[in-house]
Amino acid sequence: MDFDSLTFDEVTRNFGRRRALNRVSLTCHAGELIALLGPNGAGKSTLLSIAATLLTPSSGTVRYGSQSARDGGAALRARIGFLAHDLFVYPELSAAENLWFFARLHAVRDAAQVVDGALRQANLQDRRDDPVMTFSRGMRQRLAIERALLHAPRLVLLDEPFTGLDDTAVVATRARLSVLRDRGCIVLLTTHDLETVEALVDRAVVLSGGRLTAIDKNQGGLRAGYRRVATS
Amino acid sequence: MSFLRVVWLLMRKDLIIELRSREILYTTLFFAVSCVLVFAFGFVREGQPMEDVGAGILWIAVAFSGTLALGRAFERERQSETMRALLMAPVDRPALYVAKLIGVMALMAAVEVIVVPLVALLFQAPLFQHLPMLLALLLAGTVGFTAVGTMFGAMLARARSRDVLLPVLLYPITVPVIIAGVRGTSALLQADPDPAVARAWLSLLLSFDVVFITLALWTFEPVMTD
Amino acid sequence: MQRLFLPLTVVVAAMFAYAPLMIANAPFESTMLLVQKIFYFHVPSWFVMFSGAFLCAGASAVYLAKGSRDADHYAVTGAELAVVFGLMGLITGPLWARKAWGVWWEWDVKLTLALIVWLTFVAYLLLRRYGGPGSEKLAAGVGIFGAANIPFVYYSVNWWRTIHPKTTVVPTLGPGMRGAFWFCVLAFMLLMVLIVAARVRLERQRALVDELFLELED
């Protein structure tokens, strides 16, 4: 099962009396890297969770190509990689064991090789057998990014991927995401670090109070665009 | 991947984690032993255990330790929200349930290996006379208790007040298991053992197991997804 | 239902007003005399409690299968009915037992079954109240498991009890008593219909208020 676009159509999500997303419409195509910006509590994590099929919209539809999450089922989940704020790694297992477990769970072929490659990418080979609970935040972040990408997903969802990373890691991650985009993945990430993603993103949208607005980054860059939306 | 392979993969992961720290194993074992000892102080009068208490204490210790173990087992998946990662995997959701069920059962088996001889010793209960029947009762009863407990434990993993809500939800539903377990074991321990009665209770436990595991497999996915 | 509500309320009120009269005129039961008459309210309470429990379970199943919010409203109503009328039964039961046999509690099958089911639905309500957001779905699971448990509790307590036989609680119904009994059952069942209607309406209004709050943010 594969798809080349992700479409949110008038998606609303309520939690009791709080409207987290308000008629959000967004279309992302393969080979696009989109930044989802916005203040804390704006609903960015909710939007990513819905895209990851972990939450269902209260109203509106989400389409992966022409299919809905329900139609896609397990095959759809196999094509989605999600890096959430909680990193989804087991602290008691080593880096290699974590990756191996998730690789096998996602039925990745040649798991051992893929895991080795991932550890190299994350620059964690020398710590591969150490339990994750001994890792710093940055190291866990690097591991978690690789975990999300193990199964070569079509849709890559990243919630604040640059948190805790030092400069070298930021550069490496940026390059990684760029390669993914060029290979035809749909990459949707949230971040507060506008400078880091300035050159990387194709498009940016702002989520504020549950509503989505697009920014034109060609007019003065991301920060200027963001300010325009924030003050309007 | 086939259902059984997924279950095996998940169980293996839980087993490795548990063997590293053995935290749940040791704490649950210790709890079970303390439980039995506390009951000893309650039910042994002038050095002689009150009649017929062995069966009851055995099953209560199993129930209490089981509740503790279930709470701790799901607490692990709460850290780093790995439950969400498992739900995102392209696997049948009921496999998650089955893997946790077998894992907790294995833990309970370890607890029962310690508790059964301990109760036999402290309460002078001839538990080893009808060992196959006793084992059958323990197995069927533990499966029933754990089947419901795993379902509720998973449900509550992300809820508030989960520590206190698990026993509140679990005990009323598992009353038939406790009654059947205690009465079945009693029938084996009494002065004139009655295996036929024990067999009748065993059949109740087995039907409980079948019904509730089936229910859990049906309702696991809708309950766990938002 | 809206139009029927008021006339039905009047009917139910009239039935309850008349009921004491019917009960007073019913013949005395041979051994327990006056005390037995509590049974005219005690047993219908159980009918309502079990109906509430099955309503909760059925609505929970629909809620899980279809995601219908309305089904959830019926589920919580069923649980509340089970708890309230179960409480009535659990209070009248011991009162009766005390007077009839001198003990407050009897490990009678029906009484014990009712206690367990009552506890299950109290747990359901506790979960909804204290479980945090999203606990409606979790509670639906509890409702279904609770109802599935009923036959198991009945059989296990029943077998448990046959080893220690005691007197049964529900006496046989003499001919003159049947009229009063079924009258009271009907009154309670109609009361239940009224309460379900009112309570579901209340939940729907609550959902509506939530919707309005949400639209305020637009």
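All chains are identified by letter, namely A, B and C, in their written order; residue positions are counted from 1 within each chain.
FYI, a residue touches a chain if its C-beta (ideal position, glycine included) is under 8 Å from a C-beta of that chain, and two chains touch if they have at least 3 such contacts.
Keep in mind that this is a model prediction, so the values were computed, not measured.
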Inset, instruction - Just grab the chain with the largest centre-to-centre distance to subunit B, centres being mean Cα coordinates. - result: A
Legend entry - Highest C-beta pair count, chain pair: B-C
Inset, instruction - Would you identify the chain whose C-alpha centroid lies closest to the centroid of all protein C-alpha atoms displayed? - result: B
Inset, instruction - Can you check how far apart subunit A and subunit C are, centre to centre, with Cα atoms defining each centre and the answer in Å? - result: 49
Inset, instruction - Using mean C-alpha positions as chain centres, tell me how far subunit B is from subunit C in Å, no decimals. - result: 31
Inset, instruction - Measure off the straight-line distance from the CA centroid of subunit A to the CA centroid of subunit B, and report it in whole Å. - result: 39
Inset, instruction - Would you pick out the residues of subunit A that each touch at least 2 other chains? - result: none
Inset, instruction - For subunit C, write out the residues touching at least two other chains, lowest number first. - result: none
Inset, instruction - Mark out which residues of subunit B touch at least two other chains, giving numbers and ranges. - result: 226
Inset, instruction - Give every residue of subunit A touching subunit B within the complex, in rising order. - result: 52-56, 74-78, 80, 82, 84, 86-93, 97, 101-102, 104-107, 131
Legend entry - Residues on subunit C engaged by subunit A in the complex (per definition of touch): 133, 210, 213-214, 217-218
Inset, instruction - Spell out the residues on subunit A that touch subunit C in their complex, using ranges where they run on. - result: 14-19, 22, 209-210
Legend entry - Residue ranges of subunit C touching subunit B (in the complex, touch as defined): 64-65, 116-117, 119-120, 123, 126-127, 130-132, 134-135, 137-138, 140-142, 144-146, 148-149, 152-153, 155-157, 159-160, 163
Legend entry - For the subunit B and subunit A complex, residues of the former touching the latter: 1, 6, 9-10, 13, 16-17, 20-21, 79-82, 84-92, 225-226
